[in-house]
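Here come two complexes built around chain A, the first alongside chain B, the second alongside chain C.
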Partner chain A sequence: MELTRTSPAGEPVAVIGCQGRLNMLAAPALRSFIEETLGEGHEKIVVELSGTSFIDSSGLAALIGGLKAARQSGGDLRIAAPSDQVRSVLRLTNLDRVLLPHAQVSDATDGW
Partner chain B sequence: MTLAPPAPNQASIDAILELETHALQRFDRVVRLAQQLFDVPLASVNLLDHDFNFYQAQFGPPSQLPSEAYDFCRRTITEPGPFVVPDASSDLTFGSHPIVVGAPGVRFYAGQPLVSSGGQRVGSLCILDTKPRVITAPELRLLRDLADWVQKEADADRELVRASEVQRQLLPQTSPVLPGWDVAGRCQPAREVGGDFFDWYAVGEQLQFVVSDVMGKGIPAALIAASIRAVLRGTSRYNGLQESMNRTAMVLEHDLAETATFATMFCGRLDPVSGSLSYVDAGHGLTMVVRASGRLRRLLSDGRPLGAGFGESLTAHQTRLEPGDTLVCVSDGFLDFFATTDEALTAAMGAVAVSSSAEEIVNRLCRRDGTATRTDDLTAVVVRRQATR
Partner chain C sequence: MRPTAGDYALEALAVPECLNLLHDLLEQVGTDHPELGSEDLSMFETAIIEIAGNVVEHGRPPGRVVFRFRLHVFDDRLVGVLVDSGEALDPTLRPGSMPEEMAESGRGLVLARVMLDEFDYRHTDAGNTWTMVRHRS
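Then we have the complex of A and B:
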């Protein structure tokens, strides 16, 4: 899995791109990437999932953990452009109401 | 409510065999490596059984090591360090040994005792050649390193075997005996231990049954699974279903947050007299009732997983299992074998249709070997109300 970040300096919003499979091997990396991003003062995070081909429960836990951490620092975490597989995992676990799937990044940042 | 006497559990026998297979495959790698490193025709990991006889710990095709070579190994395990015979033909003890004077004409032997973490001699790692050979000090160190490696693998395996046994013991060992009902469950971890579990027990005059899936795999997931099981058992004794689930979620919230884990769960409480069922679905979503008519109905799943509630509490729902109805609850490991959730549910429905008992359904649902590589834990519980005649 490959993680990228676009975070204009001075802006509270950061967009994290997540390429590849978000599974048990990749989840810890995403977790610490989110922590780092929060630590640098970007407390509003969008995880852009268009390049995420697969997510398992560990990957989902990394997103949930990131969401908790973001809210604790007074911010939020949203997801954009999830694949059908990601959507179906979110739906099955009833977490689509916590991590509302947004069609694209601009929808996710709406209101920020 | 009474419990039937335990029957031998094929699933646990399979699990032990599978575990041993893994261990042996790892030994095979060390043996192949030893053969390459020392450029010898024969290498072997030999373990002592309970009667102090050696056997070759090997998964692949047996090497050509004749069993008479164990005479050398028996000597090895009495030595503090390695035991080396540079040229057996001129050795006082082994010069007239059958595998030296006869086939395959062994000349060189070097064996390193395998010592358990408790200090016990449990076997040997040996290399043999048909040419005389002088083994150097660095080579002896290498042989010792390889033996240490084998030993470490064996120790880790023993601990895992034990953990796996304990986890199996935490599953129900007997089916509830409820007149008019047939109940069965099975849990197959993808590894030695896992985060799936099922459970059932009497709560007053009712039967509570549970299927849960802790995210992740292996030992970390198994530790959390054991905690969830225990907390739910504790709260269920004194509380209604909805209250039990919410208290369980609350008690575990801190632990789940600290370990960045969540768990999905289906928990049902059945009144065996009326067939009335209360249930809570915490993000599990894979419970269905196959009606006597063959029609399928998925039970409502509207709760969030334990550890991912975000302040929302869980709600119990009611349904009724009529005579001839079969409730099936599987973990998401079952989905791995199908392209879509609908396909998986249709397959489960098919298993119900062709089976005559809950046990048979569970076996069909879990018998997925060969169709795909199992990478996730797989659990199924089936509760069937017998048709009235």
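Then we have the complex of A and C:
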């Protein structure tokens, strides 16, 4: 998995891109990446999932951990552009209520 | 019923890296069987990864459990059987109900079960046997 980050200087919003499979091998890296992003003062995070071909329960746990950490920092974590597999897994675990899938990044940052 | 084409098999040490071997095997199944619905295949893949992930995480003794996985493509269903050499699964780790939204563990086997039409776990002389069946839509 490859992680990227776009975060305009001085802005609280950061967009994290995840390319590849978000499974047990990749989840710890995403957790650390979110922690670092929050540590640098970007407390509003969008995780862009269009390049995430697969997610499992470890990947979900990393997103939930990131959501909790972002909220503790006074911010939030939202997700955008999930693939069919990611969308199905979110629905079947009832996590689409706390990680509402936004169609694209601009929808996720709406209101921020 | 006979499989429509060859079966698939994989033997590996239950460590995190084995998951990518399983992903690759499923990718091969998709290439060999373009007629398989993408949702059937991706849901089946999710179930397999969750079950194998559970063996990686909870298999005893850690790092020394070996598993054998076989996958059969039938006209009407996908069948996977994973046999691991680990000790019997702790009953408290067997799937219950979906944990609350903010939980960070406990979803894996529950998720596997909802992805499948049949899911069976038993401990036998051969080891832990996990059987997974998904009917093709």
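The rule we apply is simple: the second predicted complex is superposed on the first by the 112 of 112 C-alpha atoms of A that agree within 3 Å, B and C clash if a C-alpha of one lies under 4 Å from a C-alpha of the other, contacts with A are read in each partner's own complex, and residues count from 1 in each chain.
Definition applied: contacts are C-beta pairs under 8 Å (C-beta built on N, C-alpha and C of every residue); 3 or more make two chains touch, one makes a residue touch a chain.
Quick caveat: nothing in here was measured; it's all calculated off a predicted structure.
Participant: Could you look at A:54 and tell me whether it touches chain B, chain C, both or neither (first, second, both, neither)?
Facilitator: second
Participant: Tell me which partner A:65 touches in the superposition: chain B (first), chain C (second), both or neither.
Facilitator: Touch status of A:65: both partners.
Participant: A:92 contacts which: chain B (first), chain C (second), both, neither?
Facilitator: Both partners, chain B and chain C.
Participant: In the superposed arrangement, which partner chain does A:25 touch: chain B (first), chain C (second), both, or neither?
Facilitator: In the superposition, A:25 touches chain C alone.
Participant: Thinking of the overlay built on chain A, is A:9 touched by chain B (first), by chain C (second), by both, or by neither?
Facilitator: neither
Participant: Using the touch criterion from the header, give the chain among chain B and chain C with more contacted residues in chain A.
Facilitator: Of chain B and chain C, more residues of chain A lie in contact with C.
Participant: Give me the intersection of chain A's contacts with chain B and its contacts with chain C, in residue numbers.
Facilitator: The overlap between the chain B and chain C interfaces on chain A comprises residues 24, 56-58, 60-61, 64-65, 68, 88, 92-95, 97-98.
Participant: In the complex of these two chains, what residues of chain A are touching chain B?
Facilitator: 24, 31, 56-58, 60-62, 64-65, 68, 88, 92-95, 97-98
Participant: Can you list the chain C residues touching chain A in their complex?
Facilitator: 16-17, 19-20, 23, 38-39, 42-43, 45-46, 49-50, 53, 56-57, 98, 101-105, 107-108, 110-111, 114-115
Participant: Of all residues in chain B, which touch chain A in the complex?
Facilitator: Interface residues on chain B, with respect to chain A: 213, 215-217, 257, 260-262, 264, 283, 285-286, 301-305, 307-308, 310, 332, 341, 376.
Participant: Spell out the residues on chain A that touch chain C in their complex, using ranges where they run on.
Facilitator: 21, 23-25, 54, 56-58, 60-61, 64-65, 67-68, 84-85, 88-89, 92-95, 97-98
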